[in-house]
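Chain naming follows the written order as A, B, C and D, and within any one chain the residues start at number 1.
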């Protein structure tokens, strides 16, 4: 990882493979130019390039290379974590990164357009703005429909994500992946735009690219009440449950992909191939143990997406039913919520008065993503509030 | 419209070029047309052509097998381009199919007599085109073996398909369209089959044609009912043909996708369909006319009229492109505007500009008489149109 | 070309008698409209009523013009006997177009009772409107509208000139004269051009800012109105014995066209509604939403019934299209429905969605 | 239109070997001649007169006085049935029989059901038109006397024919010939009835029968397969999600020696959310070693504080789990017991009354242990009743017992007073 300024200085472009040398040791690694990286420094990640443990380690017997570069050879006893005076030379080769950021934009024009729209997608403000207009995040859209909205009984699940708390650590993504048996599709598939994460973390840079502000936004299925995906499914494989979940019925899905087309958030994932097939091979049987027994492993030709961890909701409500008692607030925890170190994610029953999620969603900062489409998302975001220390701000 | 006596022809009408060239009588026309199917020997060229097309068909089946065995991923679809290749083919073929029904039904209703030289031809093309179109929705789904779930049949799951989905409307529209086209085609062909039956010399042909002619005797009463039915079918097929592409366009237009959600889509799709269909008819017609010696029956006038229709629909399509842009700009919706800008400048710019060139600019050549009268120039333009669509 | 065939003794009287009543019908319509508007009181209502009736009157002429253009384009033979009537109907565009002048004057005089976008303060508040300020402003609007009558006059002139000059040409060169063809092409482009203007016109005028989707409706609706008026006039003239050449077959054909275009109108209208209903995007649904509350629902239903359901079944049979009184009845119904259609398009946007005004 | 449809030809006439006259045919070269001849013949009073032409001749309907067909009504009926049927079908399927909520849209809505309604209406109308043609024309009809004449064969190409049938009372072959020749007929012939055997050729018959038989085989096989069971695993070409890569509960895994996919808890560890409670509460005794029947290690009292809620809970649990055998009053007369005794089930042991002194004298811990692990024929309820609830039951049980054996001293004085008064 290099900062844009350093890369300019060294005349290195995004994706160039360079040799990093230190004390006579060297590794070759591709360059990822990332705004926000400190200037004149290189960031390297340990743990990649390993040949054992996990899908990331590849499979030597099958000639599958491990992911990434093992940079631990650069470490020495004196310099476990930091090393000064490294050299960097370009090898002239190029490397293609399979990154899911800015994935749905198709091309450069799309990218530019997205950067122009950040303010619409992710809403943030300073503490002064908040003091002046607490509801600055609302863009004021009428919600009118040409039909009557049906009333639903029972608990109504909802989620709220506080962008002020989110630190963009990706723990939710990983938790979701392991909870929900989400396949690892490999680099080629990711490059084609077929990654399977149900939860993605959108990252946006704003301001000067040499001194950027960064804002992250975890995006999973928003469980819209007027979900555009549901109505277009010809076989009713995605329907609305009574408790407000946007259910995906894997067994009923025939894979028309219409729902994914119509999803404004692009959070539906399609099994273009049998991604779990390798796992069923006998020599991979250990990996089968990693699967959550409560979650169906999806086959080829089936659409999938965030379920609000429906298996947890159902298990917990069965337990509560056994005890002849109503569900308590906070009793159901989604995997992402459970793993969030900053506790940015709240989940619960919106109808339960005083529930944590209802409280969060009623805050003035709360807004629905793309709510001008009248899809009524169940997931709401709390706009990010910045309150930089003026002293620090002045020194940088 | 048998029931309507033809009004006495005004001299102005008789000034128009005749529908057939040369000294033609009823029997000579029958002779010309029937001789094609009554040739004693199948020409070698036919075998060669058949071999080529059947090997291509085999290849198609092989590739479809591979697709089904491997997964939809082989098409290169991804997120957010979930449909891409198959839908393009589907819409293209459905559109092509429209010309046949249009020629048969709408022109019949408008009493355009010039249609008779080409309508059967165009109808046959329609049926093949709809068949081609029908393949794509069937194989484009992720789990092809379950595609029958689209049909509302009583099942052990005790559930029904979702009638609120445009894709289900599509299922009904395309299957209805295929069925009605087939009926229309066959109904019009019964008397012709009877002619072939009565001309046939071999026993096998007599039997085969006789079977399909259903015992047609050409009696006045039979004609009376048949004509009524044909008129009614034409009247039914006309809104049907509009509805089919309208419903296909609903697939896109009901969605939230910027650039798709446009209320202009229904008429725009229909115009485009007619446009491409006519171009396809011209593409096929000119060589067929040449090969089968039908120049007296399919006269330059027919081709000229076809070209005019292509030109007119080309203008409509061009107008629709322009309106889309105008609407995107006018609506003030940034996403909408972006979608259109991206079409012009994005990675698909080549496709966009090819489309505009082939669909709007090149057909303008039909303003020149030369392009409307010279068959090969005409085919060149028509092929461009097909590429453009 | 009927003239060439049957040199009718009263051909002069023919055109005089047709054009005269038509002009007075058109003018009468406008006078009535103006009266209604004045009676109803406030400025918005005055202007919206003016606009509504102006549009209705000009729509009839435009529809007839479209009909004439199409007949020329396709070189249709059957319609010769009624084409002259249609031409006369389309001539009304000329004088009626001038009646748009008061609207323009009012616009330039900074009245925003009709168009919100003429109110500078309002535009500043609305981000969508201010985005469109380059387009939606009084001078631009005036220029474009002035453009409209100019074009239309030229088109009418071209049509008429074509009509008059064609006869000798035909005689000289019987087989597909290139001059004729060029004129046909000219008509074609004019036709394209002017439909375009009609449409754009409707976008801004009838629907203001909200409806950027309803405009393709206008072309079929003009056609339907023109045909209905044409049928009525033809029937009337035939009744008083001025058009003996019009046979039942012609009526049947007119009836079929009327029926067909009426269905086409329904098709377009339904497509619009379904798409907007389905996608449920507030910025679009609002337009229909205002038309299904506060009593507008009844107007909408009446429109559906009068403009589609009833004529659909009424004109379905062959007999109905060949029976002059029945045909006349349905023509009147459709014409009325067309008037309601425009009312329904304009009023909820201009006069506010509170309720359909019944005080007139 | 019915006139073309003959009474089914000759099946009844089979024994009659002589050929019968069907009618006469006159051939014309042009439609005009045909029309004039037809008009003349019709005027002569012939009713069973038919014209056969290669294309529809205008004016023939008037000449032959053919009434307008009723086909349009059939088609309209088809369209209406299609529209109504499709509309009703959609609303029944999506709105009534299997309602599901999508996108907040109403279960039954008119706009979205119009496309399918329209398509089905067109489809049925088209079918009505097509089959109406067949019906009204009596098609398919593969044999017709006309097909036996040579002259008729050009009628579908370029010649015109008038046919008069012999069962018309006014039919006169000679007169027919004269009138048609007057109007320009090129030839006039008489037509014989078709007398050839209507029996199908044996070869065809055999082929037909064997085809039907062959066609029956697959459905029979399928029916048989559905009705029988098989030892072999089923053929499963498309697996979809039927076999899961994950391990479901209680399944085997070849990876481990013991073959269990569900792993036991590693000894000495505590699972998350599984914090142990006080052993006394979960066992009912105080020391680690399990006590003997009369051991003093039993807890003498309930280790959780008795509250009125606990009592209520105990009563509820008792009535759910215990009362079926022990009876609501604890007398050992629960409905299961009563029924078992009625049925004279030899293996049934009647539970003893819980008011028996032997039970009353047991310490609370022992009662708890009995509920937990069972005694004699009574199974343990540890897996069904949580420890707290078991204690609740013990509490309630004690209450039951005291209700039968209470001394006046056990009752509070004021309650005693009230009781005395009511008695």
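Here is the rule we use: a contact is a pair of C-beta atoms (placed from the backbone, for glycine too) under 8 Å apart; a residue touches a chain by one contact, two chains touch by 3 or more.
Here the structure is a predicted model, which means the values were calculated and not measured.
When chain pairs are compared by their number of contacting C-beta pairs, B-D comes first. Per-chain Cα centroids separate subunit A from subunit B by 46 Å.
Averaging C-alpha coordinates per chain places the centre of subunit A 54 Å away from that of subunit C. Chain centres here are Cα averages; for subunit C and subunit D they lie 54 Å apart.
In subunit B, 3, 143, 159-162, 164, 166, 168, 239, 243, 250, 254-256 are the positions where the chain touches two or more neighbouring chains simultaneously. Across the assembly, subunit A contributes residues 145, 147, 226, 228, 231, 233, 236, 302, 373 that each touch 2 or more other chains. Among all residues of subunit D, those that touch two or more other chains are 72, 100, 102-103, 105, 109, 112, 115, 240. In terms of which chains touch, the assembly is arranged so that all chains touch all other chains. The touching residues of subunit D, when paired with subunit A in their complex, are 100-107, 109, 239-241, 244-249, 253-255, 261.
Within the complex formed with subunit B, the residues of subunit D that make contact are 1, 3-4, 50-61, 64, 66, 68-69, 71-72, 75, 79, 89-90, 93-94, 97-98, 100, 102-103, 105, 109, 112-113, 115-116, 118-120, 122-123, 125-127, 129-130, 132-134, 136-137, 139-144, 146, 152-158, 163, 238, 240.
Taken in their complex, subunit D has these residues touching subunit C: 72, 103, 111-112, 114-115. Residues 145, 147-150, 152, 181, 224-228, 230-231, 233, 236, 238-242, 250-251, 276, 279-280, 285-286, 288-289, 291-293, 295-299, 302, 376 of subunit A touch subunit D in their complex. Per the touch definition, subunit C reaches subunit A in the complex via residues 276-283, 285-286, 288-289, 292.
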